[in-house]
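Should a chain be cited, it is by its letter among A, B, C and D, assigned in written order, with residues numbered from 1 in that chain.
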Amino acid sequence: MMGDTAGLPPEHTQDAGPACRPERATGMSNAPTLLDRYRLMVTMRAFEEACAQGIPTGELRGELHLADGQEAVAAGMAGALRSDDWMVSTHRCHQHAIVKGVPLEEMMAEIYERVTGLSRGKGGHVHLFDMEHRFSVTGIVGSSLPVALGHAYACRLDNSDSIAIGITGDGGTNTGQFHETMNMAAIWRLPLVILVENNHYAISVPAEEVIAGRGIAERAEAYGAWGRRVDGTDVDEVAVAFAQAVGHARGGNGPALLEAVCFRFRGHYEGDIDHYRKTVVKRRMREEGDPLTIVRRRLLERGEVDETEIAEVESEARGRVRDILQKVRETPGPDAVEAFRDVFAEVPA
Amino acid sequence: MSGNGAGRQQNISQLIAETIGMEMERDPGIVFLGEDIGYSGGTFGASRDLFRRFGEWRVRDTPISEMGFAGMAVGLAMSGWRPLVEIMFVDFIGVCLEPVYNAIAKNRYMSGGRVAMPVTIRAAGGCIGVAAQHSQTLWGMLAHLPGLKVVAPSNPHDYRGLLAASIESEDPVIVIEHKDAYLRKTTEFPLGTEIPSGRYTVPLGKANVVRRGGDLTLATLSTMVEKSLAAAEVLQTDGIGVEVIDLRSVVPLDDATVTDSVARTGRLLVVDEDYLSFGLSGELVARVVENLGPTVVKGVSRLANPDLPIPAALSLEREVIPNEDRILSAARTIVASG
Amino acid sequence: MMGDTAGLPPEHTQDAGPACRPERATGMSNAPTLLDRYRLMVTMRAFEEACAQGIPTGELRGELHLADGQEAVAAGMAGALRSDDWMVSTHRCHQHAIVKGVPLEEMMAEIYERVTGLSRGKGGHVHLFDMEHRFSVTGIVGSSLPVALGHAYACRLDNSDSIAIGITGDGGTNTGQFHETMNMAAIWRLPLVILVENNHYAISVPAEEVIAGRGIAERAEAYGAWGRRVDGTDVDEVAVAFAQAVGHARGGNGPALLEAVCFRFRGHYEGDIDHYRKTVVKRRMREEGDPLTIVRRRLLERGEVDETEIAEVESEARGRVRDILQKVRETPGPDAVEAFRDVFAEVPA
Amino acid sequence: MSGNGAGRQQNISQLIAETIGMEMERDPGIVFLGEDIGYSGGTFGASRDLFRRFGEWRVRDTPISEMGFAGMAVGLAMSGWRPLVEIMFVDFIGVCLEPVYNAIAKNRYMSGGRVAMPVTIRAAGGCIGVAAQHSQTLWGMLAHLPGLKVVAPSNPHDYRGLLAASIESEDPVIVIEHKDAYLRKTTEFPLGTEIPSGRYTVPLGKANVVRRGGDLTLATLSTMVEKSLAAAEVLQTDGIGVEVIDLRSVVPLDDATVTDSVARTGRLLVVDEDYLSFGLSGELVARVVENLGPTVVKGVSRLANPDLPIPAALSLEREVIPNEDRILSAARTIVASG
């Protein structure tokens, strides 16, 4: 399986061991290095680009939502996140799946709707399910949060110290589900982290025009919950804040709401003409807010690695994704009969 | 006291509570969520004692957040639990239909069979003079959404057996309980009063031929079974033999049993306490006609709630929902016309 | 019409004049006296008792929700509330209708499902609609708030200084609609007052067990809105706070959230065995928290009126409701043909 | 430039935007609410220019709060406005179905006719290879709920005329636009390319017989009209005359026109891009059989999406939704069988 995951050494998605009911203490005892995170982020970028390749060829259709520019948010979760934690993601889900350890090949195969995909091509790019890695997605905005709440409730029922991470965009915080989830998680002190990727827009609608009050993180107060906003382009900052959020939730203190402010480089979906954002703003965003560039610069500044090592990491990650894409493309789609399977577990005789 | 209702003076809401208790004892993975189901034992008393027996974590009084707790069921199921969710009145399901039809119903399929959704949703339905927003059955609407099984019991035996089967099922099931049944004694029903002393299930998707007859097949479910049986008695004295079929579930719909019957009787009357159009009655007529070919069938007819909101005034409600008189006249008309 | 309303002199539900697009300034220029409010409250109590009479006789069925004990909340709205303001209420709606000026007789006739009812008996006790008095109800918890939001939006579209009052119970604040409504009202600065009747319970579920955070009023902060909690058994306090809330909303400052803490004396609905509340608590509640007793005592303390005058007001109000009930009971139910009318405005030929 | 599309190189999304613009100009009481409908001109471009023309108060970009803004429509309507609401994909309507079926659909009735609910809801539906949560049409589900009219246009002329009629209607109407249509040029359609230069409406509830034929009545709507016409062409060369009826609306359902046709052809095939069971196809078959009596009808058949979530893989989607080939073979089978 490992050859297939994002290239983090196993301890970076903390493994709770086979029982999946770990007694292990909270925290980042296996903290990934910045280079580990960089490798992850390059993999994410390469992965999204590999997905984008399916659009002009017609292999992929529909609203393919890529997350270039948001890598620091996902990669910031590595370390504090454990393999026995649950994660529920949104339409913009690939990076989250990667950090959660979902095998790249099965995921890519699902996105390309191949028989080797996670769901044999029946779910597609907005419906990734990997129970082994405790990861799922819904394509309905806001609906990821109650699902994560259910996982958090299950963690309590199990008496485990696993937690659940529910992810949403800024737009998703305007749904009723956000409120209902925060409230229930708080009254029952459930181990839930709500991670909000605030990329400033819900499709074309600017967050500041449709979110009242001081900010998203501040809404935690209404529920007596932990809340914090962080620069989502800086993977180190995200990592620290996310570890705190996780510590809060895993420690039995109820939900934590972490808002990571970041940029979405591409259109809302592949094909979005993205005319609602100014070209100059988009250029500046890429120039100044690229989390990969920021990490790369920092790595060099710190002098722990040199250009060559970085280039190696990059080409290795990119090469791996390229190989996976090629392999996936050589794989057939599902058999016709698949269409008629799996509606029900039990069909009356 | 293990819930063996035979002969006991018990009402349906008690029977339901006992059944849930039996299932929760049998399967420690069952978690029950809903408004007022815990401490108070349920608005209709259909969860009494469970809170005391199983504690707040397995019998959870929720806030009025249906969208949230219906979605919770998805996460609980993926975590390996078996959620039982009460939506107090099925009329409220519009608040949370999204997770029901887009996740609970579709996750098995969308995951290529790798995710199970053994979720049971119980909800009260039916007309008892409580106006448009609290009287619907909506099983026709729910049945249209693939991936959901939809059940509506008619008698004490089935209230227990179908609920147990629903909870045990690996598939999502919505059970619509009729509000009129809750406070009735199990001994008052015209059928299904014999309740086995051990645990049992009634398989989902198997209709029950509750009366034999050669002139007309009457297919129905829920409370209308009883009204249909009463009408059938009367018709017998007119020399009209009515075969009454309790469908028990809308999905799976046991059209085979109905088709077999119509093959003998030649006539089909569907009686339904849901809205007439785009629901159960049309589907069943269409399937039977398809199965037999139209020319074999002498007559088809539907008696259902007309396509209008249920009026508040009881006198008006009585004008619109099927009752014994209307069943009688619908049956006579179809038999008379050939 | 007046002979039929709650007995407030016309200025107490401020009349905006025929145009319904008043230029009139905000405020309580026609402040009802405490005796006026008392008259209203006695009428409300008598009205609910008249409704309750229909249960043992079988005239009324279903979940009839009465609000005895909560009169101060409704009566506290008189004065600041204008006839051209919109109000959207809940399952526990009769007192709100009364203060909004809905004619008692048509309302009682609707509750008793008579042909002279507001909806000719087709709506019933949880579906009161009176467009002339800008009042409506939904029986679905939480759903009153978005409807009120729509009215508030319409007030802005109309460029009028009318406002909308959306009412909910404590339980209703846990619905997603509460969040969505607060947020939208705030971002668009709509003239909306959300009045929460916190009677401590949603059916059997105590508010403090299912509402996270410091309180309901405090949730206003999450939206940058005005929020306040008030003793809902004290009509004077309610009146002052409600006038402030209205002033805020009418003044173009966006939504106001007013939480009025009160008691529900009867069961959740007629027939509720109410076993989830201790008998002693219920007794104390009636002894110490009856808003009518409180006002009566205050009236006497202030010395503005004497026992005789109070008794007159009481017997007049009760007599009026009794007469209405009698008249309603003598009125027939709707014709059978009514059942088939009013589904659509237009039916194809 | 008043939206006279005749001959212009315009696609359906532009046509829709122009139609809304014409209506908003005509009636200053129309308010348009939805996600991304304002500044950006709509995710599908179906509201371009309206924000600029009518301003943010009448063309309102909402937060992702469907429950809230569907409920807003109720208040707006009661305040005398005429709300037009976009639900981006009809699949999302489960989030806000409660106010749609309990208030928008029922308020006229529950108020004894004193409250009007002239609300129009537009939503995108249909299969274009975008998987289970973004491919549904759900008109069968919506049609089951009394008080709602449900419309699904098939061609440019009707996209304009039915939308204008829906907006103008005093009743609530849900218009399901097919995603496949948005980016197609109006001139590319096999019918309805002639668009009158002035304003016009197409009455709700009147089916359109788009092709005459004597051997088989094929009733359908939305994009399937086109596929059915193509199949009918092929069948003509086999000597099978197919009468193709574009239903245009599910509610009101013009079963009279279909019945008249089946009275002549003796055979009915319903083609539907919604789920098969408990929806349009069963209802129409039942009504026609009821109207004519079963023995008059030689054959009935339904071709619809099977009762399963739409699979993501395009190859699988193609296995399940009706297409020209499947229409051909369904038609041949029914004609061959008597």
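Quick notes
In the analysis below, contacts are C-beta pairs under 8 Å (C-beta built on N, C-alpha and C of every residue); 3 or more make two chains touch, one makes a residue touch a chain.
In this text the structure is predicted, and so the values were computed from the model without any measurement.
By number of C-beta pairs in contact, A-B leads when B-C and A-B are compared. The chain with its Cα centroid farthest from the Cα centroid of subunit D is C. Subunit C has its Cα centroid 37 Å from the Cα centroid of subunit B. One inter-chain figure worth recording: subunit B and subunit D are separated by 31 Å, centre to centre, where each centre is the mean of the chain's CA atoms. Rounded to a whole number, the gap between the C-alpha centres of subunit A and subunit C is 46 angstrom.
Between the CA-based centres of subunit A and subunit B the separation comes to 41 Å, rounded to the whole angstrom. Residue positions of subunit A touching 2 or more other chains: 119, 121-124, 127, 138-140, 174-177, 180, 183, 187, 209-211, 338, 343. For subunit D, residues that reach two or more other chains under the stated contact definition are 62-63, 65, 67-68, 91-92, 95, 98-99, 102, 109-110, 131-133, 146-147, 306-309, 311-312.
Note for the complex: subunit A touches subunit B at residues 86, 88, 117-124, 127, 129, 131, 136, 138-140, 143, 145-158, 164, 176-177, 180-181, 183-184, 187, 338, 341-348.
Here subunit C touches subunit B in the complex through residues 61-63, 113, 119, 121-127, 138-142, 171-172, 174-176, 202-205, 209-211, 275-276, 333-334, 336, 338-340, 343, going by the rule given at the top.
Across the complex, subunit B meets subunit D through its residues 67, 91-92, 94-102, 105-106, 109-110, 131-133, 138, 140-141, 143-147, 250-251, 253, 275, 277-287, 289-290, 293-295, 297-302, 306-309, 311-312, 337-338.
Interface residues of subunit A, counted against subunit C in their complex, comprise 174-180, 182-183, 186-187, 209-214, 218-219, 221-225. Interface of subunit B with subunit A (complex): residues 31, 57-58, 62-63, 65, 67-81, 83, 98-99, 102-103, 107-116, 146-147, 149, 169-171, 203-206, 252, 254.
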